[in-house]
Amino acid sequence: MLSTADLKTKIEAAIPGTTLKLVRESLLLENPNDLLKVARFLKESDLGLDYLSSVTGADYLTYLESVYHFYSMAQKSGPVVLRVRTDRQNPQIPSLTALYRGAEFQEREAYDMYGIVYEGHPDLRRVFMWEGFEGWPMRKDYQQEDSETLEMADVAWLENQGVKVPEPIKAKAEELEKQGKRALAQKPGQPEPQ
Amino acid sequence: MLPLTLLVKAGLYLIMAISLLAAVASVSLPNIFHAALALALALLGIAGIYLGLQAEFVAVVQVLIYVGAVITLVIFAIMLTNRMADRSTPAKNSLGAACLAVAAGLFSILVRFIRSTPWPETTSAPAPGTSEIGQALMGPYVFAFEVISVILIAVLIGAMVIAKKDNPGEDAP
Amino acid sequence: MTEKTFSLHGAGDMDTQTLEINIGPQHPSTHGVFRMNVVLDGETIVSLKPVMGYLHRNHEQIAENMSYTGSMPYTDRLDYFNSMSNNFGYAMAVEKLANIEVPERAHYIRIIMAELTRLVNHVSVIGFLLNDLGAFFTPVLYAFREREKILDIFEEVAGARMMCNYLRFGGVKYDLSPEVLARIAGILKKFPKFLEEFETLLTKNEILCMRCQNVGVLPAELAVSASVTGPMLRASGVNYDIRKADNYSLYERFKFRVPLGQKGDVYDRYYVRILEMRESLKILEQAVKEIPAGDIMSKKMVPFLKSPRNFKPPVGEAYARVEAPKGELGYYVVSDGTAQPWRYHVRAPSFINLTILEDLCIGQKVADAIIILGSVDIVLGELDR
Amino acid sequence: METLDQIFVLSKKGILDFLGTFLPEWVVTLACVAITIKAIAVLGPVTMMYLTLMERKVIGRMQNRIGPNRVGKWGLLQPLADGVKMLTKEDIVPHGADAVSHFLAPILIVIPSLLAFAVIPFGRGMTPVDLNVGVLFFIAVSSTTTIAIFMASWGSRNKFSVLGGMRSAAQMISYEVPMVLSVVPVILIAGSLSTNDIVLAQAGWGGLKWFVFTPWGFFAFIIFFLCGVAECNRSPFDLPEGESEIVAGFHTEYSGMKFALFYMAEFMNSFTVSGLAATLFLGGWQGPFLPSWLWFFLKTYALIFVMIWFRGTLPRIRVDQLMGLAWKFLMPLTLVNILAAGLWYFTEGAARWLITASILAGSFWLLTKLNRGYTPEKRVYLFAE
Amino acid sequence: MIFGTGILQGLMVTLKNFVTSYFKAPDEGGIFTVEYPEKRLPEKERFRNFPFLLYDKNPENLRCVACDICAKECPPKCIYIVREFDKDGKPLKRPAVFDIDFTVCMNCGICEEACPFDAIYMDHEFEIASADRHAKLLYHRDDLLKSNEYFHKIRPTDASAIDARRREAEEKKKAAEAAALAAQKAKEAAAAQAKPPEPPKPAAGA
């Protein structure tokens, strides 16, 4: 099996204009837009990496990352790890579903958990969370909603369902509303978020 | 034995009344599914009348053919095109008076025929059993029997041709 | 379908309405809370959209706030049918991350436990597939009779029947006593007889063949491109078994073969699982015979048994994968040097094998969709994570 | 022996004579009818209750478990417990349900199965109503259940039950035709439609000259029994209430006593169909030593055991295969069978056996060849190293 | 192969099982189910259900020293410990409050592994169902306490191995103390000879 270094040179030779960086025996693709070209090369070249084992999203505080593990079923050869980075504000990565059908659900999961938008994905929807869910649960800065204290929206919803909300809870909801804060659950061991 | 025959006659009249009512209901009920069920009840009533006249074979065949097959296919049709059964179709239409007149006219003609034909008073021989009917079908009426079977085959094939979907590839059940 | 109307002088095509039904979360044969939004035309399926997430516990978020050993019991609850192979995968990932050496006896014990779970899983899957087909619980109970014997072994060795939590980084928690090994050998002697009976009951059964053959055919290229793995892939004729491809742990020491189907329909998936059980029996016999003596835990890791919180693997990432009974079960662990992993991701075979469920079911009948789902063999704990 | 054989007939005559002493004549005839009706009204539900127990016990034993044994000595009071449970269960009517047909359906499904009891000869001289169109009456009555199933599935306004209703209608119609045609040879040879005459026609060889021992009788028995199983929606053909596919088919929305009525109808149907099959082919109450009614019950319960046995073993058939089996396999086979019975009637001695057996075997072989789609394919499995 | 034979073979299998279920042993096709409340399967020694606290002889001297390691190690965080303080506020080596919430605990056995003082072990008692989900299943210190004899009864080999290890540690500690005492005396004797008039140093802390 080629070592990652000469694999890097091989890819750069085959596809001019792509710059790869070695990150702990995996290849970081500088510019996400030519991911499709690299992936097509990996699949059709003599490397024969026809099997995309897993697509994983990850959050490294300053950027979001999508990690791909390629294998070859024909030659039974080991993992080739490809990483692509995007910023946190509007993360955009081209989707590999056109090349590898297996990536479809895994990209939807990465979108659902990290908010990485995969352009060209047939139907990019949330796969685990329900449609009305806002926020990206697996991001490091995700603050979970406290289920005990009700907010004004919940009180309103309960009222039109015909439920009589007791006074103290409604008072707390209004007070929260005035301060403009969300009812957030404290992570164990972390101080009260300001 | 008088009360027994009285009981049977009363039962017979009851069955006739029920089937009459069911027939009227099957015409006037808004929900088409209920109308089909009322029709089934009416036909069952007719089978009851046959039984009253000791014609068991004809009664059983009536139940088998009409209630077992015809009504089932009527309901099948209703189920398949279920848009019809959902909306209760309006039973009333504007031709109420005209229909009543035509019906009254037909009824009077019928009554005149019933009264004028010489009905035999008591039927001496018991109603024909299955074997007599069998002999008759295979004997004198064998020609009619064969013609009917040919017509049935034609109807069967016609139905299949219409119902067959456009994709001849899939072997429809 | 082209809407060519067949008009017999104006009779027009007999257009029946398509019926949209939810084979929903509460349904007798969806193997857990899983919904399929199916559009039917008569009995044939026009479109099928799987809906998941009813059992989503965010296992990966929990693992990120937990010590490495702390999330070992949680891996039991991923694919609750074979907790031993889940532990196996996770232990291998962290051992690769912190490059820990595992003694030989521990490798043998792990392989014995993994192959026993494969037997348990394949037997139950076939039982449930027959249950979806309508055989009223008899195959399931025959399968459970054998499963009970193996679960008793797990209870004796690990302390719990299904939630074993038995493996630790660097080896296993308890040792296999000679009686347990003898009992395992006893089971291995009786299992083939049970498989015979199971096969005479099922394999040549005309109704099973009618229902399962040429239903839900998965072509090989679609299987590879949809990264399908496990018995489902091998039933389509692709020769890819991670025990042979990666030769992880000590699998290259055991002589066993990989059964391959040809058509890749529900019948092939059923029969490949039976053949795989036979191969697992071979591995188990060899392993139980040749298991070496020696300690069961690498010296380096013994202190961390006592205090899991101060086990801090070096910075880096590792991806290890195991041939779980349902397919390739991979663990991607990124460590930032602290006692809690920075990123922990499980590559769940049930989740990815479902990508092509719609392709398999379109054009088939409702009853086929249920058995295709049964033959794909999903477990919701692993699918939703 | 004679009195034991005629014990029920004599006891009935005793009651009538006793009543005759002080009641007018016409009341006595009414009482005679009332006694028979009471006998059936008791026999029907009691057989149903103890058939449920028999089914759970037999299937339990087939699955190596004991079956209900907590209520009463060997679970004998279990049916009572089920009955009480059914009565006390809340009877939920779905919101949009069509009240009339939802309410009427269970009643209309029980009536035909009770009517069918009238024609079955329980013993010598113990046929409740000796119609000379007995068999035809049975078939006519059992065909009316289709309407009740339609009402049930249409009334409960639930997609699954509509599917179930459609399936059951298609199944009933296509299995009634082979059922009727498979009875024709028996009538042809016995020369009468009345069930009692048919049983008398099998009286030779000391009560063992049953129709099933003739080639056409054997084929007709198999076809009649299969169609009977299909008529009562039992095991290999239980598509209308395929639990694993469409939840519970047409009785999804029923609970409490209404569901119990559906359950009762199914079990009484299976009793009457087995009873009629025993009458037509296994010589009804004909038998060497035991009293006649005991013979009848032994044969009927043997056939019911076979039905339960089917339920314990066989998976379910798909809808289109169900239709295919009826129209492409059973239907032509019955026609050939009628031909064979005719030949049997006009030939004598060895020629009779030879001709009929060869025609039937040949047609069976030819039909299996024609229905290539339903016969299992040979499958080859490769083993990769 | 005639069309129906596959089905017939299958039927024969179930019939065989139906017949053998009457007289065969549980292993070869007889009844393999056990009628639970009356008859029970033998309990495996390593079977682990909810944890319990161990005490020697009387419930007063329990082994737990409220070091809170198990509470930190417990994955689902279902253990809550509060240390006991005596009258004048000095912390004692005893838990005043030791709650385990059995509805949260998943009996994974990590607390048993992590406990350095052999104070908490997994129990075999599993018939603890109760109607009240909240209060009843929150076990406090006294409900959790079980004697060492009970521990020997349910897990003989583990219990005896642990006791042996504790006795050894006991002797080693005593020997070490004895040695330390001897060393202490020897040092004082030596010091006394070197500078007889110097007053003896205050004794080192216990």
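Note that the chains take the letters A, B, C, D and E in the order they are written out, and that residue 1 is the start of every chain.
Just so it is clear, contacts are C-beta pairs under 8 Å (C-beta built on N, C-alpha and C of every residue); 3 or more make two chains touch, one makes a residue touch a chain.
Worth saying up front: this structure is predicted, and the values here are computed from it rather than measured.
With centres taken as mean CA coordinates, the chain nearest to the overall protein centre is C.
With respect to subunit A, maximal separation of chain centres occurs for B (centres as means of Cα atoms). Here the CA centre of subunit A is 60 Å from the CA centre of subunit D. Separating the CA-averaged centres of subunit C and subunit D is a span of 43 Å. Along subunit E, residues 3, 6-7, 10, 13-14, 17, 32 each make contact with two or more other chains. Multi-chain contact residues, meaning those touching two or more other chains, occur in subunit C at positions 138, 142, 145, 201, 204-207, 209, 244. The set of subunit D residues that touch two or more partner chains comprises 62-65, 162, 312-314, 319-320, 375-376. The touching residues of subunit C, when paired with subunit D in their complex, are 19, 21, 27-29, 40, 43, 130-138, 141-142, 145, 201, 204-211, 213, 237, 239, 241, 244, 257-263, 267-268, 271-272, 275, 365-368, 370. Residues of subunit E touching subunit D in their complex: 2-3, 6-7, 10-11, 13-15, 17-18, 21-22, 29-33, 35. Those residues of subunit D whose C-beta lies close enough to touch subunit E in the complex are 58, 61-66, 309-310, 312-314, 364, 368, 375-376. Considering their complex, residues 66-67, 69-74, 138, 142, 145, 148, 152, 155-160, 163, 165, 173-174, 190, 197, 200-207, 209, 305-309 of subunit C touch subunit E. If you check the complex, the residues on subunit A that touch subunit C are 24, 26, 50-54, 56, 58-59, 67, 69, 71, 73, 76, 78-79, 81, 99-106, 109, 113, 126-130, 137-138, 187-188.
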